[in-house]
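Chain IDs A, B, C and D follow the sequence of writing; residue 1 opens each chain.
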Amino acid sequence: MSTPSSTPLKAGTQRLIPLNHALPWIIAAVFLLILPYIFDSRSALTIMNQMAITIVFALSYNMLLGQGGMLSFGHAVYMGLGGFFSMHVLNWMSDDPWISLPFLPIFGGLFGLMFAIMIGAFSTRRAGTVFAMISLGVGELVAAMSVIIVIFFGGEEGVSGDRTELLDFFGMSFGPQRQVYYLTAVWLLIAALGMYLYSRTPIGRIANAVRDNEERAEFLGYSQRHVRWISFCASGFFAGIAGALFAINFEILTEENLNLATSGSILLVTFLGGVGFFVGPIIGAIVFTLLQTVLSLYTEIWALYLGILFVSTVMFFPFGLTGLLAIHIQPWKLGKISHLVVPYAKMFIPAVVGVLSAAAVLEILFHARHAGLGEEEMNLYGITFDSHAAMPLIIAIVLAVASFFALVKLAPGLKAAWDEATHMGGAKQ
Amino acid sequence: MSVPAIELRNLEKSFGLAKIIQGVNLKIGKGERHAIIGPNGAGKSTLFNLITGKYTPTAGQVLMHGTDVSGMKPYQINRMGLSRSFQITNIFHNMTVFENVRCGLLWSMGYKYSFWHMVNRQRDLTEKADEILEQINLSSRRNMVAGALAYAEQRALEIGITIAGGADIIMLDEPCAGMSHSETDLIVDLIRKVTEDKTLIIVEHDMGVIFDLADRISVLVYGEIIESDTPEKVRASTAVQEAYLGTTVEEA
Amino acid sequence: MKSIKKLALGVAVAGLAATGALAENVKIAFIDPLSGPFAATGTNGLHQYEFAAEKLVNEKGGVLGGTNFEIVPFDNKISPKESLIQLQVAIDQGIRYIVQGNSSGVANALTDAIKKHNERNPDSRVLFLNYSAVDPALTNEKCNFWHFRFDANADIKMDALTDVIAQNPDIKKMYIIGQDYSFGKAVASAAVSMLGAKRPDIEIVGNELHPIGKVKDFTPYARKITASGADAVITGNWGSDMLGLGKAIIDNGFEGPIYTYYAAADGITAAFGEAGVGTLKLVAEGGDAPPEKPEAQEYQKAFKAKYPDGNISQSRITNVIQMLAMAIDEAGTATDVVAVANALEGMTFNDSLWSNNPMTMRASDHQLIQDVHIYAHTQVEAPFDMDNSGFGLKYENSIAAAGEALPTSCEMERP
Amino acid sequence: MSLFIVNILDGFVTGLLLFMLCSGLTLIFSMMGVLNFAHASFYMLGAYFAYQISLLTGFWVGLIVAPVIVGVIGAFIERYGLRRVHKYGHVPELIFTFGLALLIEEIVQFFWGKSQMAYEAPEILDFAAFSIAGNTFPAYKVFMIFVALGIFLVLLYILTKTRVGMTIQAALSYPETVQNLGHNVPLVFMGVFGVGTAMAGLAGVIAGPVLGTFPGMAVLLGSIVFVTIVIGGLGSLWGALAASLIIGWLQTFAASYNVRMEDILTGLGFTKPEPIWDSAWQDLWTLTLPQIGPILPYLLMIIVLVVRPQGLFGKRET
């Protein structure tokens, strides 16, 4: 039973990108075009490609969770299978190619779609917990199969291929990273636009309706099961495209593309970004990829920070990072965003100090507990000190507590400013 | 008499050992405004849910325009031209008022499961939805989120969604529940207006509404129909008075 | 972990750091798990690298007359995908040497990616020094010029192991059990074929695979092994699968030898403790406890003084560092990896801390040929024990230049 | 035959251990409608706390104290975490517990590192209780059986003989009667969550020495616990017991008998292609039962959910 309430998952239809304005899409395209001129190293390109793939995957996941209200613990299956099949298509064609690489994602999408049709046939009969549990079961089964069926999945080594072996595309062999980047970027735009437009179609709207109130939708002539199934298939199609893009970028697919950790992390990504918004998964994917790749260069306990971030997002900002941005739209429209500048500025320093010192507490504790005996010296924010001494820890704790109290003290001011900023009228008097 | 819009034949429904509907026979003609009344727990909602396909009958049949629909799913029955409202307001709270109505239109206007139309670009949809908003007097609320509407407005929207699809059989489950007198009058007018030339089946506690609207009334007591006739005859029936109406009539 | 912070350049500016200059350190990218379930092994390995670079190269004057080695850690979370990303980051930072060891899956992904990278980008070629991944394919059908393996591969170890088993007349029935993936299968098929050749009278009473990392309770497997009447068990299990299986077998009263590849260190030695004495055997290269050479004893003591919770569990790491230093000196350059690779190829190495016999980097497949030992899990005095448990690994049998006779299917393509 | 009896006993132990986790999870689900994804994480916490305590005072103090600590932490999380998320609906609750599971694993690694802990059964129980055909049955396992049965009986007593218990039991079958608990609903919720997690903690305490105490132990058991209560029927205590035992035996027997696909296929009249490594069907021909043992519960769950979405013993739909 769906009892309608204002849950974050049902926030629905905020239109951050209005259809009649192609402007955001053009900006996005231009942005994607110039990005490799700003970040031109190989690793930056790889990370941007990884981001783009995660965006497509997360958007396809949000077709289920955000738009369809289906919580899946096994979405990696469709991306992974799409990727594996694309890789096999690539290898099968390499002797006698008749397409060029940019068309490979179509195959990935079709295979993702095929499996979504098959599995969705029984898994979408019900929503809610039953769907979530079936997705978990299917996810486990397919991940286990990938180790057992070696001939297809390649066992632990996975399946690899060479992307340069297909036909050249206007002189591009797709050996260099930059060419692959543009291929990925174009597909990102195609897939994102496709998914955005899908949400404006009758089936896309009805998917929202079924999410909010499946019973009502049934009495409007729509089979909730068919609606979920169709959404599921569309989602599987785009996940398959993401899988093919993965195959092109990394030229290898392994069990990790199918396992539950991958399925779980896409839930994390999507929720972090905000499931109620079309751009939510995009923001989530960018932030998550940066956190995962960059943060892990600086600290060993990055996963702990990620866990804290995720749990506090669920607790305090159930609309995700995008929700945090979106609440500023109203003050912006009212022309009162300036009311918030001063309280925000006041809170900025304690907030930054608070976060950094809290992280410092964790880092010092962790270092003191796990570093080698000769390695008492640790380096944090450019300061070198002895992690086993009490003083740095005390300083960090004092700073953290002090900034916490400062924030508590400043909170009423912010709240008042918020009330003022979101209150209609009275601004231009 | 031509084929009835709805016909119930020996309809039965049990939940475990409890037999809620015990052998109901009823014919409701085309264009008729038929009210079902009865004390609390008589099984009115269950009967509604049996006709609309939410429940599967334990025994007996539901026929719609002569076709057996018992055991069909709600959406199949809806597609054959039957639409219902709910006792507890059942709208899409997070969508705008306009979108609520539009959702009610999509199937019947042939968009079905389409993923090649952009809903915003379909002028026929927009026009029709606005027309219905006009009918239910919610044009001024068009772009509000439905959950933010006042209660009476939500009830009106509920009826709007119900009739949007153009079904020729409309079933309303206590459309006036929880409304003030003046609101009730407005809703009754609305119901009369939007169900013109349609078959209407209505469950309602407010006897004033019933006698105002209905062509015929069926009285359901303990899962059985004890009387089914014109309002005058039902009002006069001693059996009904004994079993149910009694003082209520005078009060109304 | 301070060297992690040395990576302050980060990803965005990584490209700028390319092209290693003369005075700059020779950077070696350590791509292995530093977080997640296998982080203990990875972190311990990193410590061994950092320590070896410091003690064996930098404190002795570096290479090329004064250039130091620097280990740059990259956390690959034991994921092939993350490894490939970190590989790109490493290459962008101008790093030309990649060391990796945990998981043959990652090694396969890396060797493939490095081969393609070196073909497509001749100006930034890198070498892959594999110190632990033992999948035979890496030096057989999947071999390439850029990959060098310093551990004995699974087949070589099995060859040594079966040599020893062949001399034990008490073993009549053998049970083979392993994790259901490439390595487990490689161990099983090598065991079957080699036992069949060397001791055809030994009956294989069980040969099975169990899902990797998914078995909660190994008791049913232990019951089955007992029921089969096996005299000995061979397993390639590692991690919690090794511990779970071993403990279950011993708890069930099995007294014959359990021949393993990875039943030591990272908490496993401590967890077996007294129970493993007399049953647990392990096949590996490396030193005795205590090692024969005095300088190795000193080295190990110094390591334990610095990392009291650590183990010298992968002694080949010192070989990697020393041999790389030798090759760079011989090639006279650290930036031209083709020259360094040519120097490594066929190199004979006499100065290993752990071995009195020379080692050879076989030119035909880039597999290091070295002595392999069968160790017994037994009481060992600190600091030569493992996990500070009072238990450790002592030589029981040794096979000199193990695997020298094993053929390779490698068809090396040289640039 | 003797191996069969040994397997029955082994499966029984596994099943009872699962049940200790499932009973708490079922209680929590029935009362609060929350499927606690982090339940196995509390099991892990129990093992780690008990290990830490056992270093100081020995096993037996840990047996009592660790579950209490876990229960207090659980109640605390319910009060300050779950209750906050509750108002957003069930899916965010599920996501919250999912995040909690990730977080607890990281926290455990933060304090105890990534290696396996040398958490051992007490020496007093370190002997073979009996042995069947060369298979020893450790006394510790007998102890586990008694603890699990004891928990079951205590739970049964509380649920059937005490006032709170009967209200809880009513709430198992009729969720709306939870309101009858009166103004103490939040307190009861907190209590149920605390007790449920404490039971998971206790399971961890007694399973830690046998199944290993390491950061992956929660993940290894986590989804199986979930699967078990879904198979048994959400909210049904007897269903949880039945499903726990079924899965315990399923996994034990699947691991014990090397049923080979080759034999089945040959029996069906197919001929094995030679050499097998060139055949596209190699993986099918070489498949054995132990290989797929651990995924059987998932298969069973999917079948049950497709055929009977409310689970084997469940009365209400999920």
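Just so it is clear, contacts are C-beta pairs under 8 Å (C-beta built on N, C-alpha and C of every residue); 3 or more make two chains touch, one makes a residue touch a chain.
Owing to the predicted nature of the structure, the values given are computational and were not obtained by experimental measurement.
> To get from chain A to chain C along touching chains, fewest steps?
So the least number of steps between the two chains is 1.
> Among the chains here, which has the CA centroid at the largest distance from chain D's centroid?
B
> Round to the nearest whole Å and give the separation of the Cα centres of chain B and chain C.
Chain centres of chain B and chain C, defined by C-alpha means, are spaced 74 Å apart.
> Hey, how far is the Cα centre of chain A from the one of chain D, in Å?
That gives a centre separation of 31 Å.
> Quick check: how many Å separate the C-alpha centres of chain B and chain D?
48
> From the C-alpha centre of chain A to that of chain B, how far is it in Å?
44
> At which residue positions does chain D touch at least two other chains?
109, 113, 291-292, 294-295 - these are the residues of chain D that touch more than one other chain.
> Return the residues of chain C touching two or more other chains; collapse runs of consecutive numbers into ranges.
Residue numbers touching two or more other chains: 36, 39, 180, 211, 214.
> Scan chain B for residues touching two or more other chains and write them down.
none
> Name the touching chain pairs, please: which are they?
Contacting pairs: A-B, A-C, A-D, C-D.
> Under the stated contact criterion, what part of chain D meets chain A in this complex?
The touching residues are 35, 81, 84-85, 88-92, 94-96, 98-100, 102-103, 105-107, 109-111, 113, 223, 226-227, 230, 234, 280, 282-283, 287, 291-292, 294-295, 298-299, 301-302, 305-306, 309, 317-318.
> What residues of chain A sit close enough to touch chain C in their complex?
39-47, 50, 144, 147-148, 155-158, 160, 162, 164, 175-176, 246, 250-252, 254-257, 293-294, 296-303, 367, 371-375, 377-380
> List the residues on chain A that touch chain B in their complex, please.
Chain A residues touching chain B: 4-6, 10-13, 19, 197-198, 200-206, 208-209, 212-213, 215-224, 226-227, 230, 234.
> Please give the residue numbers of chain C that touch chain A in the complex, ascending.
The contact residues of chain C facing chain A are 1-2, 4-5, 7-8, 10-16, 18, 34-36, 39, 47, 74-75, 77, 79-81, 84-85, 88-89, 91-92, 103-105, 108-109, 112-113, 116, 120, 135, 137, 180-183, 185, 211-212, 214, 305-310.
> Considering only the defined contacts, which chain C positions touch chain D in the complex?
36-40, 43, 180, 206, 208-211, 213-217, 219-221, 223-224, 226-227, 240, 243-244, 251-253, 266-268, 270-271, 273, 387, 389
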